[in-house]
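Shared between the two complexes below is subunit A, which has subunit B as its partner in the first and subunit C in the second.
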Partner chain A sequence: MLRIVSILFFLICSLGVDRIEGSAPKGGEADAIVGKANLAAYYAGTDGRARVRMTITDAQGRERVRQFTILRRDINDGGDQEYLLHFSRPADLRGTVFLVNKHVARDDDRWLYLPGLDLVKRIAAGDKRTSFVGSDFFYEDVSGRGVEEDHHELIETSSEYYVVKNTPIDPGTVEFSSWTAWIDKQSYLPRKMEYLDNTGKVYRRIEALEVRNVGAYPTVSKMKVSDLRSGTYTVSEFRKIEYDLNFPADVFSERSLRNPPRQWLRGR
Partner chain B sequence: MLIPSGRSWSALMYVLCFLSSIALTSAQDDWDDDWDDEELPSLTMHGFAEAALGLRSVEDPVQPDDVLLSEVRFRLELAQSIDEADLRLKADFNADEVGDHVDIDIRQALITLRAASWLDIRAGRQILTWGTGDLLFLNDLFPKDFVSFFIGRADEYLKAPSNALKLSLFSDALNADIVVTPVFTPDRAISGARLSFFSPMLPGRLGRVNMPQPLEARLPTRSFGNAELALRLFRRLGGVELAAYLYRGFSKQPLAFDSRDSIQSYAALNVYGASLRGSLFGGIASLEGAYYDSRRDKRGTDPNLPNSQMRLLAGHERSLAAQLNLGLQYYLEWTQDHDALLANSAFAEFEPEEFRHLLTSRLQWRTMQETLTLSLFAFVTIGERDFHLRPSLTRSWSDALTFALGANLMWGDDHRFFGQLADNSNVYLRLRYAY
Partner chain C sequence: MSLGARVIHLSLAYPKTLMLLAGLLFVGLGSQIPRISIDTDPENMLPADQAERLFHKKVKADFALYDLIVVGVVNERHAEGVFNTASLSRVYELTRGIESIDGVVRQELLSPATVDDIQPDGPGVVRFAWLMDKAPTTPAAVDSIRSALERNPLLYGTLISEDGKAIAIYVPIRDKSASHRIASAIEALIADFTGEEQYFISGLPVAEDTFGVEMFRQMGIAAPLAGLIIFLLMLFFFRSLSLIISPMIVAFITVGATMGLLIGMGYTVHIMSSMIPIFLMPIAVVDAVHILSEFADLYPRIGKRRATIVRVLEHLFRPMLFTSLTSAAGFASLALAPIPPVRVFGIFVAIGILLAFLLTITFIPAYIMLLSDARIARLRQAPQTQGQRLASWLARIGPGTLSASKPLLVAALLLLALSVVGISRIRINDNPVRWFESDHRIRVADRVLNKHFGGTYDAYLVLTVDSAAAPAAPQPIDTLLLEGQREQGIDLRPQWEAIMATTASLPAESMFDVRIDAVLSLMDEADDVAAELWDEVLLLLEEQQSAAKYFQTPSALRYVEALQTDLQQSGRVGKSNSLVDIVKTVHRELREGAEEYFRLPGSAAGIAQTLLSYQSSHRPQDVWHFVRPDFRATVLWLQLRSGDNQDMLALTRHVDDYLERQPLPEGVRLQWAGLTYLNVVWQQAMVQGMLEALLGSFLIVFLMMLLLFRSLWLGLLAMLPLSITITFIYGLIGLLGKDYDMPIAVLSSLTLGLSVDFSIHFLQRARTLYAELGDWPATVGQLFQEPARAITRNAIVVAIGFLPLLASPLIPYNTVGFFLAAIMATSCFATLVLLPGLLRMTGKRLAVRTKT
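Coming up: the complex of A and B.
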């Protein structure tokens, strides 16, 4: 199962995994797969850290870079989580800190610290499916889409993948009509996700380009999001991935927004 | 006239050459560089070079110059962290053609220390901000730079630095920030030098044409008792952020008048306030209140001192569609003892209304992978019919090169808050290269 990384990045979450205590209808095979994938992949370990580089490519092929360290901690397995992102590039984001309290039962709480103004800004939950710092990733891709927000349906089982179709319970809150995930039968890592518009056409794709074993955990270490309408894409690479670091709870507090926890960001 | 002087153009050309030379020589981000070591404790150097040009959009009869902003700014940022200490220097070298000088503005020179599991110390020159308002500050009595705000400098220049000591104390039940500014630091206020303003004594607007020298104000004497103290107690309750504030110091604008020496000064002031912020209706709602206690004019009868005020703010921000955000705020300034103010004032007709109702809106659209941002911020004073519009367009060509085009448009009667600035309306352009 992947950790942090994947974790972080939507994948999994979006994966449409059903949580054990989730309120979505139970019993279906798809729910079971999604639940298993969620527990194995998304919540494996208690916490983790990675260096992340996002390379954003526009329709003309020009590249921009976003670079940050991400820390993640699970409050409880399959439940709430906390994330802290500390940006080092580009210049206008350097020192910016993004803090997420991800909740299963209600909207996530999210804060952004802007060092130039010493300003702690709170980000509305309604911004979930908007660009994360100019990339093709969405905020929701970073901190996860609640599995209870979609219906899950197993539409195909191949030798390698479970193919799960996910339909939003409240279509008014999202820009897709459904999305499909290809979940690896061995690792339960989602290897590909495709988002469909109202006409059934794929307009957005997320792919796991590289999976690496980090200790005992298979981890997505390179992934790509493509916006097929605009022709733009973003590739995220993860390095220095570590799990089970035992972060103290206060690493994920307002204190860390204004004074980033260098000891934990840096590692040993 | 709307044509910049020859000097502005030469300055701009100089900057463009400078920027392109950096662009050509700077190392490109390499796939093979050690980007995964960026958190390591080494000395880092960054910054930017920026050229800015702002022109008046209307003629101001009391200002001789049509150019409001013409400067080349070079920012140097040095950072070094050693164990739990973080050292930071942020200095601006600014060649300012309008002010006709080159200055060095140290924006940050500080050490941040994680001194204990429950204590952070931040000492030195620093930018400080708290409170829930968007471009409105009730319990944030840290210095602002309103000249920069109205002439088109980048947003971060609205906040001016303080030489201060900040202690942050943390516990499970309650957190506290204690900020001591030993020497009172006022706002960088509008003085007539660059932006003209209304004086009730004239009555009329004052600028360089009809002022022998810019407005000066007398600072409080430097003493232990005149140090500024700002306190914030805060905690989170579920998803709601609660805070209480206390300030003891002086009005940040020269609102008092010393009739003996005939000079403006800063009125003794205490502020008590509270705020909360949380999720509501799919957006972020905030509520903040502050009581401005004019310590030396409790009954509002002294015409040379500002009256006490109650200030209230309610705000809500949400997204209307993907990448399109709308923030709305209602702000109230309730001047206490308003009858006493009018009865004692020599300029009763120009005194503010008892209730000043202000609405603001921020509409922001980010597109093209956030390389293009269109924003419109509006302040409208209800009943006084004056307003301030801040349209802007920001375009990033790359991570390094950004261009901003915008305007500061003010309108209203001469003696109103924004109205007095009407003839300072301007259009500006900035080009920044970050390294």
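Coming up: the complex of A and C.
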């Protein structure tokens, strides 16, 4: 399962490259690179936490800030995962919670809690390429795009990157005709992704602006998504990144929507 | 006269040099014409720094609004209207095609195939999905699309018609000047479709840009056609091809040089300036017709061309100078109008008139001098049969005007009274779509789409809360920090006061963000206890920030809701969309679609989170078309079925009345924007400006008449035909029920300029003749010889010459054509019929003045 696109919320828990087994990819080269990138970007440690500060800048240069804490726990490496996002800013969104039970074999379960309406909503399975809370990130950037959803092709190998072109197997379900990823040869972290529309024009770009080592894990600590059509872009900065915190399973239960697990969100 | 005489003698002495100079003038300035740039944007009727226009621009920027082309797909034949698989598939195909057209703001395209459906999907489940991400293939799929559209008040009446027969696609475009090209590209897509649907393309930008394209075509057709007809008419009157070529050359040089000068100086050709050739053509020809007319009459008697020309110009120089000066003054007065394109028009027509005068008194004599003797000889022998018929007819009228002068005067007064009634009925109104004939496809599309939908004209009602009204009291934070010092022994107040000091002067919109950022960075460096305290400061700051998000508070939105309800009930608005509709609709869908939740949530947080849900769609930017991201300004998008200024004006009055009853909350301003509203603004400026220009030029012309005739009475008489003409023309406009619009407003200067010509010629000659003859009936007899013929010929040439304008598909051109004929007829009639009788009443005065 390739979840390159979803690095945003996974890179905090990126595995060290050293934990990826195997030598230089050969046959099915592209698939192998993509598989490693998936692990590098999304499956680090057993769990992780970060404070995320998301700045949405519109075409007129006006900024809006959204801030949340993200918790993640792996059920099994490279397999199912759980996420909890708890918003703290702006004040009118404080206490809003987004919970995802990510499944490899079936559709993810997603819930949204809106405290201002005291409303828990399950979000139906369906199109995940919609805006995440009004930013330029997509929900799919959170809950992941399956490796098997695209055909992968290694189109270039430079001194720094593997360049992989990904073509959707069912073009009817997505708004792009293909996307290209520049994957770091050392860390296997995708450094740049570009999405092409049906006219062959790049209309969306994701960039890893800053990579830090958090313990043993190379981690993207600043990333930018640009919507080239509307001229808006969103920058996410990750702070207080921590791995292997041993969250108990009930942190990710539906109960946490209305009663956020304060001690785990806050940490220190 | 001595200067004039010298000029004329020079041109008689060096005719070839003069021809060369005229040719150089034409080529030199005319060479600039290919650099032409067309401007049909009615926004440019207002100066770039005009307040309402600046506000409109700001609203477009603040709310990321684009000009829209509206494409309507109508199916009148299918029982379910457009809701069948075939029609929806075509809508889908068309949308995909339009998306790829260059210049279309793709992510803002509004069509059933580009919007989201937010629906409850079972208990506790909400669904965000494309409404129509592929062409539907089953009736069930069609039904679900239909019911989704009907459930969404933002789309119902906007994207689909309430009768289900039509779907509208709103195509936002980056640049208005590309709308004709984009509309043509859309038409090309449509051309490939077969089926029972009809397609219509509308919207103000298309109307305006298409007008530009047609206008360009008309400039190429109408003006030359008018030239041709004038040419044929002159041929008919003078029967000498070689002779009448000269006024045509004068006209062409005048038009070419004037337009070249205008374009060369970097002015764009606006709808007004596109009419310059059409205005200049008759004016340029008029003086030449006087010269030729008199030359043709005198030459057979005098027999020497040089002597004839000198004699002709002795008669004509002074009246021609004054007619040119008065016409030029009439147009130059438009420079006082507050509308830039009208100013340019007035100034360049004035320049053209003076140029035409110069050319006429130099070029025509030079040209006659260069004609071969044989041709001139032929002119001498030519029996002017046509001229004779007109002459004998006029000669018969002459004495009649004297004997029946009193009844004629009474008739004129009655006509004037009737005209005043007409003027009182004049309706000031304009609408760029109505610049097209009623069967033009743009007018047809306009009718059809406005029948089916909430309206294709938009106006924006903008509510803004002033910065001063932002609550910014920092006391709770001070108290908190004081407590922190007392209880935990850490004093953060110096740092906080530093933040306050540096941010105090920032606008409310950004002040809180900057303060929050400053606290956040202090928090990063602080120890645990201090960080804890900063966190609480942050909380209070954010509360203040939330309160500053005015249009996210329930009370503010309730005001908007009430205003919107009132507008909808007034019947003056076809459809309105606002932030309130978004919040209510999404709130309902979040609550399992239950109708009782089609209301505003009770708290700002509830509203914020409703909007957060709305933004979790494929179109997260949509909400920002209705509210500014700082929530301190919101816009109601009003769809109007009519773009008439009168209807827009009635709407603004309705809102004014509402505000009387329901005053705006403290600190909130209400302002209008949108193209339909801007049209009203410039129209009002124009009416006022034109009236001032008319009065101003009337006064200037009157002063010039006093200067010319050195007699108050003669001056007043000279003003009489034009006063009658203007009154009659505007009375006619009122009586015919024709809206007073931009082209009509400009006609006033034309009327003034053209109709004073006749009285100047007539009075000037009358005075000279009376001085010679000393007897009234004899003078009138003479007046109705050559002078009356020249006036009548001129009136006929100009009136008929502009009839081709009636065939144009553009209404302003028709208007000018029709009224030009009416102006000519009226002023010719008023001059010839009324002036003799009035002159006789003052015969003695005239004589006295002439003798001194």
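Heads up, the rule we're going with is that the second predicted complex is superposed on the first by the 239 of 268 C-alpha atoms of A that agree within 3 Å, B and C clash if a C-alpha of one lies under 4 Å from a C-alpha of the other, contacts with A are read in each partner's own complex, and residues count from 1 in each chain.
Basically, contacts are C-beta pairs under 8 Å (C-beta built on N, C-alpha and C of every residue); 3 or more make two chains touch, one makes a residue touch a chain.
Given the structure is predicted, the values throughout are model-derived calculations rather than measurements.
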Would you check which partner chain A:T69 touches, where first means subunit B only, second means subunit C only, and both and neither mean what they say?
first
For A:H86, select first, second, both or neither according to whether it touches subunit B, subunit C, the two together, or no partner.
first
With the two structures laid over each other on chain A, which partner does A:R229 touch: subunit B (first), subunit C (second), both, or neither?
second
State whether A:D109 touches subunit B only (first), subunit C only (second), both chains, or neither.
first
Could you look at A:E254 and tell me whether it touches subunit B, subunit C, both or neither (first, second, both, neither)?
first
Between subunit B (first) and subunit C (second), which, if any, makes contact with A:T96: first, second, both or neither?
second
For A:G172, using the defined touch cut-off, is the partner it touches subunit B, subunit C, both, or neither? Pick first, second, both or neither.
second
On subunit A, positions contacted by subunit B and by subunit C
58, 62, 64-65, 89-92, 94, 116-117, 119-120, 122-124, 126-127, 129-131, 133-135, 175, 232, 239
In the complex, the residues of subunit B that touch subunit A are 29, 35-36, 38-41, 46, 48, 81, 84, 86, 112, 114, 117, 120, 122, 126-130, 155-156, 158-159, 168, 170, 175, 234, 236, 239, 241, 277, 279, 282-284, 317-319, 322-323, 325, 366, 368-371, 396, 398-400, 402, 434-435
Contacts from subunit C onto subunit A in the complex sit at residues 61-62, 64, 100, 106-108, 116, 121-122, 124-130, 133-134, 513, 516, 524, 528, 539, 542-543, 545-546, 549, 552, 587, 590-591, 601, 603-613, 615-621, 623-624, 629-630
Given the complex, residues on subunit A that touch subunit C span 58-60, 62-65, 89-94, 96, 112, 114-117, 119-124, 126-127, 129-135, 139, 172, 175, 198-199, 227, 229-230, 232, 239, 268
Any idea which subunit A residues touch subunit B in the complex?
51, 53, 56, 58, 62, 64-65, 67, 69, 86, 88-92, 94, 101, 106-107, 109, 116-120, 122-127, 129-131, 133-136, 175, 232, 239-240, 250, 253-255, 258-259, 261-263, 265-267
